[in-house]
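One chain, subunit A, appears in both complexes that follow, with subunit B as partner in the first and subunit C in the second.
Let's look at the complex of A and B:
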């Protein structure tokens, strides 16, 4: 019986919505657009956060950097032995990496020395982005200018597969000898030291011990990197949402105004309904279903469009604001990450304010006196 | 300050709820002062119309409050990786002093709003607005609590300082992780089990007894309230342990996670629903003598008691299932 009543009211609501097609379509399209903007921002930040966390899973658990005057400096390889003495720390290694500005492409490349034997002296392996801007194929030669001004060429042995582009776009793998020659770096130092820890519970104890033995270093844990990325993207996404909240406010005012400005025809309709025995609460119920139909249809269309925008078109509208920028930015499609929580948050952001804005106008409509409307 | 979208949406929620209750309370005061059913004045007519609006507002508010309750716990859970030492929602709530008060107040307000709706439902069934003054007194009581909740929740989120890398120093271990307690103190499991089953079964029994005989309404209402408290304590003390199959993890929030089959949702919804309808029976008890309610009140109360008993039974079944059927034994040693 209760369900039947709701069913009948929904029936009536749908037909009355369809009778005023043009007016309702205008509302739905504005509503949809608002949801589209919000959903795009949220999908994008969430997906990129996931992407970052997947990449960082492979990162070393702990990085030790030497500091001098508050700045990052090259670390002596002698530190490795001292760290190795700490129980629980293992695979302690020095890393060599840096940035090389390429005047031809006008871009910064990331240079890294991989494990021994992966790249031989005189050869390099480059990412897709590097090969794109420098028009490189395998077996081509790429010129570098060393820190002393000497120009020398290195042969491209390998180009990374496009799948790894997000991490490897601007990457060049180079042998240790060439790296030291290029940057004029003496033997016996590295850029930083990485290590892993057998028992993750000991991470902070070991970090503390390193900090005690080597007071001129700073220690960065992988967890902290993850946390920082999370915060940065939360912040960026949140900023975008705050910017967009103006849109939301405009939309709320619009829907409030639309819901309170009933046309003479609508007023007469409600008057007649009440005259034939509908109660105030029934009319409020009808208005509730009207709002639900409009919200749900706009919500689904808006979310669907945002999905296309972010995951198929790589969100051309928001990318620069959310991702940061670089000359050599990787081209990649985000892997779709959507969970119920995101959809729910989005729902709270859009549908709840709309509902809130229409409660009072729909009550006002429902308490119209039948005789006063029908007399006019 | 966190700029997480979910946190922003919670701000939006609580501001909306607070404004709604403020608006309703404003007319509540007018109704309390000026309500006179005998009068046919314009004011009285407009107040009668306003009661529809306030019922609608409060119905929305109640559902928003439920959503925001779950959304809050979920968000807090979601944020835990940002804080050193926080393993789940329980840890995040401990990060500052506002977390648990905000959550408890949310629960309390949800119960209060639920009781208001029961009063409202009953009032609408009587032809002469028999409970109108009581109803609006309760509303005036609810309003400040909702405002305090909003303020507490905002303070909680604004006061969260995530542990991120700063430019001067990457290390965090200088802050003692033990300062963030991530475990909740719990009561011993064996006596708790006895109390839990004793209280819950007697509540269900009393509910069914009231349904059949219409006697013992006050006792049933008190027991429903007690059941809520005992169940909360038992969830922390032993029920959650069976779900996690871990003798040390007492968190009542992880039950809401996917890993445990979202078992928390049926548990909490049944528990809160059972408590609201059960206590509603008691709230309605004093009005059984009012003329316009004489006919309908007993049937409303009986229905509420039945619903409450069924919900508590569902809670019992869901909570007992892992105790009986998981391989985990809590007192096995």
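Let's look at the complex of A and C:
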């Protein structure tokens, strides 16, 4: 009987909503749009942070950079031997990497020397983003201008499509000889030094020892990189939310106005329902279902569209703001990560107040005397 | 046994304010079952107010109401609503149908809070519409109905909860003579079905009708 009653009242609620089709559709559209924007930012920030953390998992545990005048400088390879002497440090290697401005694409590429023998002299492996802007296929030649002005070509041996394009879209892998020639970098120096630690508990001890032995260096731990990424994406997400909060405010005013003010027609109807035998609680129940149908359907459609927007269409609306300054926007599809806690928060801050806003005025209207209908 | 009994009923509106107004002055009245009773009198004579009190829609300021010899004057709103829903069916002067939904939905509306299954409810509503020659209009919206059809829809709605008492307030107020007579014929049929009928009207077609068993005349909130 209880279920039948709910069913009957929901049935009437739905036909009531259809009667005011235009008004309710406008409301649902605005509601949905707000949810869509917020959910998109949430999905995006969360997924991108997850993605970054996955990538960084494979990053070296520790990076040692030489500093001069507060800035990062090339590090002598001789430092490697000194670090190797520290117990617990292993796989100590020099890394060569840098940025190259390509005037043809008008973009900065990241150049990196991989492990020995992975790229032979005269060849390169490029990321998807590089191949896209430079229209490169395998076996094509890409021209570079060295620091001494000499122009030389390197053959594309491979176009890689890694797990995530987020950091590798603008990447070019190059041999050590070509790298040194391009940047005019002498032998015996590297961009930085990376190393692993046998026992993760000793990370900070080893970092301290390196800092003591090589006081002109700065040590960066993987955890710190992760934190920086998190902060950057949180900050960007936060910026977007600040911008969107204006929209949210407008929506709150709009929905409050729509939900809390009952039209004369709606008041008349409530009077009729009371006169024909509906209780105050039945009227409130009907208005509760009305608010719930509008807010829950807008919420789920909004969240669904945000999911499509972020994970299938690569968030075209937020790309520039959220992915940062890189000119080669990675054309990547994020792996869907959903934080249900965030969804629940969004639900709580949108659906609950809206439903409440619809009930209060109805309750006021529903307490009118049923005989008011007889007197009109 | 009396169906409804009113004992020394007084109804005052806006009590204690400058615009205080006494609509009913100490009325006592018994309504007999299975009869058609008409309340007659000019506008402002207190017919509608007395009808709302009889139908448990409004509470009297003082006095007692007995329904089937049970006192219901001071029952909480919830119980009064339930009594109203189960015992009374109302036809209003303006019909007060809900626009934008169908005739069938309007008819079923008073039964929704009762929690009856949709299928059974729909079947009963269709039977009532059939009795009132409205089954063809079941899926029409109420705003497309003629005056007579709207009135029959209002009657069908009043009948959906199988009430023992029908209450009609100025039911012929917006109808021409032919439709007014048709209304009284329907009331005659309901009387045959052992319904108790209360009609407030100043229309001679109503109180001169053969269907009406008793006419109560009112003036200035008193029975004369």
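The working rule: the second predicted complex is superposed on the first by the 303 of 376 C-alpha atoms of A that agree within 3 Å, B and C clash if a C-alpha of one lies under 4 Å from a C-alpha of the other, contacts with A are read in each partner's own complex, and residues count from 1 in each chain.
Assume a residue touches a chain if its C-beta (ideal position, glycine included) is under 8 Å from a C-beta of that chain, and two chains touch if they have at least 3 such contacts.
These figures come from a predicted structure and were not determined experimentally.
Peer 1: Now for A:42: first (subunit B), second (subunit C), both, or neither, which partner does it touch?
Peer 2: First partner only.
Peer 1: Return first, second, both or neither, reflecting whether A:235 touches subunit B, subunit C, both chains, or no partner chain.
Peer 2: Only subunit B; A:235 stays clear of subunit C.
Peer 1: When the two structures are overlaid on chain A, which partner does A:280 contact: first (subunit B), second (subunit C), both, or neither?
Peer 2: both
Peer 1: By the touch definition at the top of the document, which applies to A:7: first (subunit B), second (subunit C), both, or neither?
Peer 2: Once the two structures are laid over each other on A, A:7 reaches subunit C alone.
Peer 1: Given the touch rule stated above, what does A:373 touch, subunit B (first), subunit C (second), both, or neither?
Peer 2: Second partner only, subunit C.
Peer 1: Of the partners subunit B and subunit C, which touch A:363 in the superposed model: first, second, both, neither?
Peer 2: After superposition on chain A, A:363 lies in contact with subunit B alone.
Peer 1: Which residues of subunit A are in contact with subunit B in one complex and with subunit C in the other?
Peer 2: 280
Peer 1: Would you tell me which residues of subunit A are touching subunit C in their complex?
Peer 2: Where subunit A meets subunit C, its residues are 1-2, 4-5, 7-9, 11-12, 15-16, 18-20, 269, 272-280, 282, 369-371, 373-376.
Peer 1: Over in the complex, which subunit A residues touch subunit B? Could you list them?
Peer 2: These residues of subunit A touch subunit B: 41-42, 45, 65, 70, 204-205, 207-208, 211, 218-221, 223-228, 230-231, 234-235, 237-239, 241-242, 280-281, 284, 341, 344-345, 348-349, 352-353, 355-356, 359-360, 363, 366-367.
Peer 1: Using the touch rule from the top, collect the residues of subunit C that touch subunit A in their complex.
Peer 2: On the subunit C side, the touching residues are 48, 51-52, 57-58, 77-78, 81-82, 84-85, 90, 92, 94, 96, 98-101, 105, 108-118, 121, 157, 161, 169.
Peer 1: Which bits of subunit B are touching subunit A when the two form their complex?
Peer 2: 2-10, 12-13, 16, 20, 49, 52-53, 55-57, 60, 64, 67, 71, 74, 78, 81-82, 162-165, 168-173, 177
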